[in-house]
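Read from first to last, the chains carry the letters A, B, C, D, E and F; within each, the first residue is number 1.
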Amino acid sequence: MAYVLSEMTWPQVKEAMETVKLALLPIGAHEQHGPHLHESCDAVLAERIARKIADELHPSVLVAPTIPFGMSMHHIHFPGTITLRAETLLQVLEDIIWSLKQHGLENFLIVNSHGGNQSLLSVASAQISQELQVNVTYTKTTASAKESIKKHVHSDLFGHSCEREVSESLYVAPEIVREDHLAKGEIQEGPWRWLRPGQAIQGFYYYDEMTKNGAIGNAPAGSYEAGREIVEEAVKNTAEAARKIFDLNPNFISRN
Amino acid sequence: MAYVLSEMTWPQVKEAMETVKLALLPIGAHEQHGPHLHESCDAVLAERIARKIADELHPSVLVAPTIPFGMSMHHIHFPGTITLRAETLLQVLEDIIWSLKQHGLENFLIVNSHGGNQSLLSVASAQISQELQVNVTYTKTTASAKESIKKHVHSDLFGHSCEREVSESLYVAPEIVREDHLAKGEIQEGPWRWLRPGQAIQGFYYYDEMTKNGAIGNAPAGSYEAGREIVEEAVKNTAEAARKIFDLNPNFISRN
Amino acid sequence: MAYVLSEMTWPQVKEAMETVKLALLPIGAHEQHGPHLHESCDAVLAERIARKIADELHPSVLVAPTIPFGMSMHHIHFPGTITLRAETLLQVLEDIIWSLKQHGLENFLIVNSHGGNQSLLSVASAQISQELQVNVTYTKTTASAKESIKKHVHSDLFGHSCEREVSESLYVAPEIVREDHLAKGEIQEGPWRWLRPGQAIQGFYYYDEMTKNGAIGNAPAGSYEAGREIVEEAVKNTAEAARKIFDLNPNFISRN
Amino acid sequence: MAYVLSEMTWPQVKEAMETVKLALLPIGAHEQHGPHLHESCDAVLAERIARKIADELHPSVLVAPTIPFGMSMHHIHFPGTITLRAETLLQVLEDIIWSLKQHGLENFLIVNSHGGNQSLLSVASAQISQELQVNVTYTKTTASAKESIKKHVHSDLFGHSCEREVSESLYVAPEIVREDHLAKGEIQEGPWRWLRPGQAIQGFYYYDEMTKNGAIGNAPAGSYEAGREIVEEAVKNTAEAARKIFDLNPNFISRN
Amino acid sequence: MAYVLSEMTWPQVKEAMETVKLALLPIGAHEQHGPHLHESCDAVLAERIARKIADELHPSVLVAPTIPFGMSMHHIHFPGTITLRAETLLQVLEDIIWSLKQHGLENFLIVNSHGGNQSLLSVASAQISQELQVNVTYTKTTASAKESIKKHVHSDLFGHSCEREVSESLYVAPEIVREDHLAKGEIQEGPWRWLRPGQAIQGFYYYDEMTKNGAIGNAPAGSYEAGREIVEEAVKNTAEAARKIFDLNPNFISRN
Amino acid sequence: MAYVLSEMTWPQVKEAMETVKLALLPIGAHEQHGPHLHESCDAVLAERIARKIADELHPSVLVAPTIPFGMSMHHIHFPGTITLRAETLLQVLEDIIWSLKQHGLENFLIVNSHGGNQSLLSVASAQISQELQVNVTYTKTTASAKESIKKHVHSDLFGHSCEREVSESLYVAPEIVREDHLAKGEIQEGPWRWLRPGQAIQGFYYYDEMTKNGAIGNAPAGSYEAGREIVEEAVKNTAEAARKIFDLNPNFISRN
């Protein structure tokens, strides 16, 4: 039901623009996800969840094509990982948003499922909003599903190829899960522990300093049901927030 | 059968790298394709055809994730079109190739289905090959299918949303064709005609100066069978060329 | 007692380098801080607190010159605010770190007192660490003083020109406080509230959409004593973390 | 007779601008041209042929100064070759066109005699036309002389320091030909053959992989007469095309 | 008395802007200054002297925060030196000036005390003036004190950590002078002598090729009194010039 | 007699490289030169004088192709002027020097005849020398002819389209002088006078603020004889300096 730009012809886009006020920009990453998830995991999740948000907000939003790459330097030592430089990704976002602005869009919500992109997106939100005179916002796909995560995710260390991500995948994209290879993170000690979010000091470390198999958390504990609850809670919360921020109703007035 | 990076886990990639000597990089565009093809047409075709080439060359190649955007300034006046600047796309390619080089790859074949990308790819091939000390090559997906195109494509002006592209789509990605909206190009005269390839002078023009509906050629004349012949001829030719250029056999020696 | 690069001659630096293993890079911002704090507030606090950390870790660290500008687009509508673009600040950091690397330094801790810089610093940490083959980390000056903040800061909304920042200033730099102008934030409603950290969606907004006088929180509640507790707790935590991460003892081994 | 910017004073330029509607921008390269042509060959030919086109179109056009460098990475292994990076050349073109726009020009024809520049010029045409809101076109100096080339050029492989280029030089710039050193290309086999234009796959190779002496084709077969026919046919065709595209008559209307 | 941006709150800046017509931008460097001056010498002098100029021109000018880094590649072999690349510094200046323009400023005087910055500032003056449509000028702090310098400075080779710079420091910033380490430059011969300003050929050389201790001239000959005369003459001359150029009186008319 | 790269074939360059130790890089500008000199004046003079220097130093030097553009923003209001941005010119120089380094050159002397380029060249000398690990120096063509200039040039204000430049042109390139249009500068007052070199404050101004006809000085006073003396003195001085700096004799040792 949602307007998905990559599956539309231009006359369909033209017609959709009569009601569309917001573009969702899914962004993922192409990086190792342990022995049990495809490397495209983040891109696939971002796209599937963006479509769900778009379903909720139809016909006020459209889903732009997914950016399949992100900032993945942390994972570069694992085979298959691809990373963009910060300036490159900033410019990709600016070019896409510039293009969509030509068609009349001025509100953007980047739907991101890769934690490693969040900082760059925060920077992009400020800079592109100002330079292109548009409203650029961003969301981490399921970060707002606080209740379901509390209920279903019990690892001390989670957030990558863990039970949360496996659950989400089982619900929205089971084809990317190798269920017969689900494995807990093989954590090893190192300075990374003192550089994690919430610590006094933060900073870059390679993921292979932290985990031998590239996963953290407890992937085997993931389930379709947990995924369903997490994703649906997040979609509901994000859609609700979008409605308020962008005033997705007939008497919408742009902030610009 | 092909190695498709986006559908593999890192241990699978690691194993594949024992035989892989060449990475295929599909690139498309996100731009209007008339009333009858999805705007993602080029990205979809590039990916599907790259997989076919990879099938032919298995286990010597892997398919990297598709770049869904290209240089589409010509189409920017049609709703939904997204374009990257030249420097942006050059940098995206360099970042991807740099990343894959970290995993041991030094031979690259960009599989491109958007004519508007060819010039940039030629530039990228020279610059990135030299700067990263790798072999970057590129192919236009079905340009090498000269016999089948001669047999099946009869429009004076073709190459975008025409019978050739519709045929290819019907064969490898029928879901992107709106068969009930197939329409000939609504050509109108203008300076564009004197700026086409092969003319004494070439140069930029907007596609809407040339065609009202965004298509050229005779889309309704497209067919699955024509698509099958065109694509298969091209895949065969490209795979054959890749075998020779990259010496895809056990006694391979890198040119570097 | 601390090694402060800007107050040393080169022979003194040369001698100090016999024990120094870590450079502290203070960074602030030049932006409005309501009616009661100088616009240089963040730069002053970063420098003073970095010196305190350096005192703790002497003779293993030196303090580099303070970067007096940051990313302050949010405040640009208030007179006097100066902001750098993301690419500019990234390049400034890279140039400084490149320079210090020439003198033998390979460990860096950016001491930042401006929340608006954190995302860029996260990006810089990853990118510069990899490109210059060094260890770049960062800390938000007093973010680690969780207990003291809990004890002394009671506003729902705080973090800029609030009781916490006023307290810190009264303790380490009383000359930047206009005590006779201390004022609570004059908050006004708007979409900013749905874009704050922790919300489902985040994004850029101008500070004047949120507060008429540029402050948030309850500045008049700030005190020297609260500042002393917050700063000292943070300094202690940060120094302790630095000791562990950079192994600041005689048998230090670089991670590179 | 032609307006040649480098040979005019500013009052002469001012007067010329009363009739001038189009600027010709000659661009060459500085690269090896085998044992028989000066390394400046392309720059010299571009300038001489641009002047001939300008003679034809006088007083509607002026010739801008020649850009003596191009993209010549292919030739870098031969002594004396100089190459610009793609971004550099793109920026040079943008700066020149920006400057000329300040004087009232909005139509540009880049007159290029180096095949290796064509892709970059195609990219530049699209990007600069859009960004500076002007019309940027380009021509390969004698590519439009199809009949004369068919008549006079008989090598399978030609296009660099071959009989065509020698002929053109003998006609418009005999001083750059070392007639006593004319030599056929000393071709050697290699992967380059599968990477040539028209092949299924294209890509970068170094010229010294293809030819020992830096030439291809049959330079000794070149002649003044062949050069005269080729150049004059091309000049006629290019001038004719320019007249149509830029409507070089009194009732000219800009496309912008 | 002067308006010093870093020591003001935004309401104070707002009020000051009623009379302010010119921003002073102090810029220094962070580089070795021999055994007797702190590495921050140039930044400190630039700021102190800018304040004196601002005192003279009050209330027509304000002093922006000091840029503590400059182009110091010449000194990079001496411990502690930090240098920015040319593009970085150009961009920093542009960002600062862009920001101040948002607050209504259109006239800028960069107050520079580092000779190695002068060329970049000349470039910046032309480029930023044009691109941001403002008036950017620059002054070398005490270069205009021709009479006092003639009277007090007698070394053949001076200009860095010499008697002039020591004198200036003793007058405006005695805390940066290590008086017990004052030493003449330990000059050694080399090609640098033929590359100095005023020679037929100029060019880059490392400072350690010229002087073993990083100083030139006769630092021990410096004095507070010489510093006072030099600085005061320069301040008077610069203020006078600024008054004329920027018409710092009530009937001011912008040149833009 | 001199080695002039643009007039050589690659085998000739190869042979020349046996004795060549230094490359001369002529750079000019394309800008208005009043009513009496061609806009290419600086490029022509730079090339002609570089050849004379090369004659003196044969066979130790070669002359690279002339860069016909420079930084000419000051003149942009006069018809025909073309200017490069600072970053563009810096990059052009870097690309040329990188290329020549591939052929074994590591010493460079930029021969510049446009005052407006000097600052950028100073910046380029430092940055490119360091980044490419080569020796980049520069000379203003006739600035070293101090005696002849004192003897022949008597205007208070000179340096552009004045008697000095006309004299030089009459001697080395009479074809660029319109002798029947020789005119004194039509000077008008303005803030430019307080921004000239040697003043307390310097900065950008447009040339048309200073002179109505684009010239300064007393062009009609120029003569072939004055030109001969000025140019020959400068060539002699520059060659002599180059011999010393680059040790242009058989026992040459690189500084790198």
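By our rule, a residue touches a chain if its C-beta (ideal position, glycine included) is under 8 Å from a C-beta of that chain, and two chains touch if they have at least 3 such contacts.
Everything quoted here is computed from the prediction, not taken from an experiment.
Q: What chains do chain B and chain F have as common neighbours?
A: Common contact partners of chain B and chain F, which must touch each of the two, are D.
Q: Show which chains lie in contact with chain A and also with chain F.
A: Touching chain A as well as chain F, we find no chain at all.
Q: Name the chain whose C-alpha centroid is farthest from the C-alpha centroid of chain F.
A: Checked the centroid distances; the maximum from chain F is A.
Q: Suppose each chain is reduced to the average of its Cα coordinates; what separation in Å results between chain C and chain E?
A: Comparing mean C-alpha positions, chain E is 27 Å from chain C.
Q: Distance-wise, how many Å sit between the C-alpha centres of chain C and chain D, to the nearest whole number?
A: Centre-to-centre distance between chain C and chain D: 55 Å.
Q: Averaged over CA atoms, how far is the centre of chain A from the centre of chain D? Could you give it in whole Å?
A: Roughly 48 Å, centre to centre.
Q: Could you tell me which residues belong to chain E and also touch two or more other chains?
A: Counting only residues that touch two or more other chains, chain E contributes 76, 85, 87.
Q: With chains as vertices joined when they touch, what's the shape: line, ring, star, complete or other?
A: Topology of the interface graph: a ring, with each chain touching two neighbours.
Q: Could you spell out the chains in ring order, with the walk beginning at chain C and its first step landing on chain E?
A: C, E, F, D, B, A
Q: Taking the touch rule as given, give the residues of chain A at its contact with chain B in the complex, in rising order.
A: Going through chain A, the ones touching chain B are 5-11, 13-14, 17, 30, 32-40, 43, 64-69, 76-85, 87-88, 91-92, 95-96, 99-100, 102-103, 176, 178, 181, 214.
Q: Using the touch definition up top, name the residues of chain D that touch chain B in the complex.
A: 71, 73-74, 76, 85-87, 90, 109, 116, 118-120, 122-123, 125-127, 129-130, 135-139, 143-144, 191, 194-195, 199-204, 234, 237-238, 240-242, 244-245, 255
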